[in-house]
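Following are the structures in question.
Note that chain A is present in both complexes that follow, paired respectively with chain B and with chain C.
Then we have the complex of A and B:
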């Protein structure tokens, strides 16, 4: 724990972390210092001057808060007239050539400039000349669309490409009122994290071609979630909305800060993976080709399981610990084999040394912890023997490594519990639709062994049942996620003390030294 | 300043001639950080060709091992770098505060009338080019004109006329 110091803000005493810059230090105690250029991931650049404050200790009357560390006894002035004046003045400067096109700007409603204008300015424009004209709707590459006129030249985007991706595509060219963000001609953005620029741009100068004009941000419900695009488990906001007479749909994912997992950013592929939550979903229940009601589907599911000689259950490495546990129990109940074989979701060489992992499954560690055999050999052997394969949302054909398994799979009766309509499931005798990760909650363990909890974000009109619920309908004893935990705690040593509701926001790093120990 | 970010591509790769190549290698040993060489390298290009094309910016970036966008920034920031061919005589008029207040516009308008060039343009005969630049650091004696690199202080249209008359 960092050392705390007492200092005064407008005469009021607060306790903050020593040495932290004043913007971050005071934010923790609920005091806002307006700023454009400072970003915790990019450091203090000191270029915007919006964060100027007074420190009453004989230094110059105005100092940038982003470059001023909190110290014992400091007297910080935020509400003095000369501070308010400078805030007005900086905002006036930012707004001189700004197009003020908030009604058609995607950022409206979450724009720092708009918010600061309302809080710190409210001045009328004094500009009597034509504003400087600059580029509009510029395609900078990677789905980033730039409006040079809306830019406040904080250089966050430029610093992102130099410090984070080290690709350096952006620069600020020209100077004075002609200064603007640009790419070098013919060298557009070309990195797998570029859309973070849209998140960090404080104004509407950087927008995403994917999200532009799709939804006004104030309609969006912003729920916390975890990306299931790979085994990093980056923290995200799931921004979704149910338009009148329509279904609850996701409009975008945004990065959510978690310093133990993903820092401040996420990859573009993960960000855009929300499309997969909306599209190509399995919604119908089918038995032997015919569409039936869900209850009827479950009834058929049960009876085939009852009569099967040797059922085999296959779990997806994306399932939560609770779902895995529930399926494990149900496999026991029906005397079924259980496998977590999911090598197809590993794309060797696709990962990088930053966030993106080769393993595209969110909870492979969970399979390991619960001692669920995931080897190809045992899956193949069990499949040869089995007369019924119950597939819990495992897309064996995610990559093409299992193509040669097709004839064998086709020769087996299959029950597919699936969130998406996929080739693999087409031939299944019974298809049971199930929820995808934005529609249920639970815990998963990322590739670095960090246990994280996430909650249900999206509620569909026809809300699909989660795998755990389906096991309950099959006669399983795990009626909800909480009910899975006594068993999990007992079987898995590293999880023996875990209370899922108490997992800290940044996740719980599991002790890797402990071997997974699985009881019977 | 006007927008300088529309670079001109000449359509063939740039490289230093033998003399500038040797000079580049000599200078770069002076800088512990290679990127410090961007500005001297831009000078070398300008010395060689008289102006700096898009290809030369890529060339410098590659040679120094930095991002083209960074070289682009510096080349467009400093008006002393010519990003298009200039006239035989290059006139810079300061347009920053002091010079603005002390009527730099009179000078700019005079040049438009007399020679027919506006900022960013070259006269038809190729004799003159004009650029409006940011503060030249002689604010106390504004307005300031820089003609072929030399400063002329407290200028007005009349003085400029006399000055231009001395040129061939």
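Then we have the complex of A and C:
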């Protein structure tokens, strides 16, 4: 635990963490110091000068808060007239060459410059001269579109490519008010995290070609979620909106800070994976090729299960702990086999040493914890034996390693509970549409053993049923996520004390039961 | 008035060659140097009262003493030969006329501060000067004054000549360090100061060419001999570059403390063509201008300049005669600092360009009195809000012209008022 110190802000005493820079230290106690260039992931650069504060009895009397560590007894001046004037003046200078095209700017509504203008200025412009002309709509690669005129030259983007991805594609060229962010000729952005630049750019200078002009941000409902793109479980914002007469759609994912899991960033693939939540969804219930109502589908599902000699249930490694538990219970009820075989969602060598993992499943650890066999051998053996495969959203053909399985799979009767229309499910006798992860909530355990809770974000017009709900309709006892927990707690030692609602925001790092006991 | 301490060998033909320089006393202090302890050398320099000749006038010995003690890191010296401030042309004389005096000074400094790797950062535009300097360094290596055993003693010293690429800002000491490190020349925020975290994150001393070149005299003759020249608080001599509207522009070595007007009249031949004096820039373009009235009481030392609300600066004196258009001068001045702003921090990057456009607007006859007020205000809004003092190097003199010659700006504004009606819609 860091040591706390007492210092004074505008004469008022506050207790903050010693040594933390004033921006972060005072933020904890609810005091905002305006800033553009400082970013906790990138450190202080000191270039924007928006964070200048006074230190009474200090030498020099004006310091950038981002570079000033909190110290005992420090007297920080924030609301003095001369400090307010500096904030106002720096903003005026920031705006003197700014296009102020907020009406057509994607950032409007979540723009630091716009917000600060409303908070610290509101003055009329004194620009009586022509602004500097710079590049517009520049394609920097990786779907990042740059507007040099909107740029406040905070160098966050540049520092991101140097410090975080270490790819260094960006630099600031030229001096004075001709300075601008640029790439080397013919060397565009080329890394798997480039779109984070759009998130960290405080203004509308870096936009995403994917999101540009698609939605005004103030219409977006910003819910917290967890990316299901791989086993890292990066924290995200799910920004979605239901346009009049239309369906609830996701417009973008953005990185959400979780220092225990993903830090401040997410990968581009994960960020763009929201498209999969919107597109190619399985919406119809089908029985033997014909479209039927959902209830009818469930009825058929039940009767096939009842009559099957040897059903085999297959879980997706993306399912939540609660869903897995519920399916496990249902498998018991029907005397069915159960497998979590999902090797196809591991792409060896695809991961890196940062966030991206080889394993594209969000909750493989969950399968392990619940003791659900996921080996290929046992799945194959059980499948040979089975006369009915009930597939809970497991895309065995996610990669091509299961191609040889096709004939065998084709020879078995299959019931698919699926969120997306996929080749694998086309031949299923019964297709039951189900919710995808933005439409349900639950807990998952990432590859590093961090247990995280997420909640339902999107509600479709025709809201698909969660797997949990479907198991209930099949006669299962787990009627909601909470009802799964007494059983989970009882059967999984490392989860025995978990109260899902009390999982901290940064997740709960589980003590691995496989960890060897050291010493006596 | 003139003295020849630093410039003693300037008039000797080919004194930039080791052979000639040596025949006239170069490197003679080394024997004495190695009989002293580094602490004694540092004390001698402190006692001499030598002040940094790069512009700020910080006492050289005191700066050295800021180096942390008991280091586990190397110490570096960077000799600042960027000399890019308009009206400043003193260091170049040392570089081409007596580079061995500077190299000798580097040895003295490095011995005192425990440095074994020194850099000479020379401005990119000094294309002929760098050849002479490099040759001198090569000669010093060949003669054993640099290298593994300096002067045959157990002291290694390597000196690297590093060329800039033509940016005024690289004269600012931390931008200079960035540039040596191969990065874009942009000043670092201070603290930490370079004496603690400098080149390659190691403790580093940055001194001006002339500061370093002053060391051989001090070491050879002692602090008291140096203090014979100059004033109590501004001891020694200085190379003054006198330019502008005088009869005899040039570089003159003078003891500090001389009356400014007397120097202009007696040394530089007075205002040229019998014209009247309009103003004097006392120490390079970044120093606030002096009116003829103010100049009467000014002496050429740090204290007198400060008392007259200007700065000693780099010793680059510019004499302005009555024909000078102050508004055009200011346009020229801002153009330079705007062009040289590294563009890193907001007030300097955006502000200087804005100021330049306003002055251009005035000159075009499109400005009003409110533009003059805006200029004054912008000086205040920019100054001291920035990472380095380049912005102040522009706003301080500009403010002085606006204050002392406001009528000239108003004349341009008035012109507009009479020539064109204000057509702006309100």
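Keep this in mind: the second predicted complex is superposed on the first by the 512 of 520 C-alpha atoms of A that agree within 3 Å, B and C clash if a C-alpha of one lies under 4 Å from a C-alpha of the other, contacts with A are read in each partner's own complex, and residues count from 1 in each chain.
Basically, contacts are C-beta pairs under 8 Å (C-beta built on N, C-alpha and C of every residue); 3 or more make two chains touch, one makes a residue touch a chain.
Keep in mind it's a predicted model, so treat the numbers as computed, not measured.
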item	value
Chain A as common anchor, with chain B and chain C clashing or fitting	clash
Touching partner for A:22 - first (chain B), second (chain C), both, neither	neither
Partner chain(s) touched by A:424 [first = chain B, second = chain C, both, neither]	neither
Partner chain(s) touched by A:187 [first = chain B, second = chain C, both, neither]	first
Partner chain(s) touched by A:170 [first = chain B, second = chain C, both, neither]	first
Which of chain B and chain C A:178 touches, first, second, both or neither	both
Partner chain(s) touched by A:321 [first = chain B, second = chain C, both, neither]	neither
Contacts of A:162 with chain B and chain C, given as first, second, both or neither	first
Contacts of A:300 with chain B and chain C, given as first, second, both or neither	neither
Superposed model, chain A: greater residue contact from chain B or chain C	C
Superposition clash, chain B versus chain C, among 2-10, 56-64 or 92-100	92-100
Residues on chain A lying within both footprints (that of chain B and that of chain C)	171-172, 174-176, 178
Touching residues (chain side chain C, partner chain A) in the complex	167, 169, 184, 189, 338-347, 349-354, 357-358, 361, 371, 374, 381-382, 384-387
In the complex with chain A, residue positions of chain B that touch it	1-5, 7, 9, 54, 57-58, 61, 66-73, 76-77, 96, 134
Contact footprint of chain C on chain A as seen in their complex	44, 46-50, 52, 62, 64, 67, 86, 89-90, 92-94, 96-97, 126, 128-130, 132, 152-153, 171-172, 174-179
Complex contact set, residues of chain A against chain B	134, 158, 161-162, 167-176, 178, 180, 182-185, 187
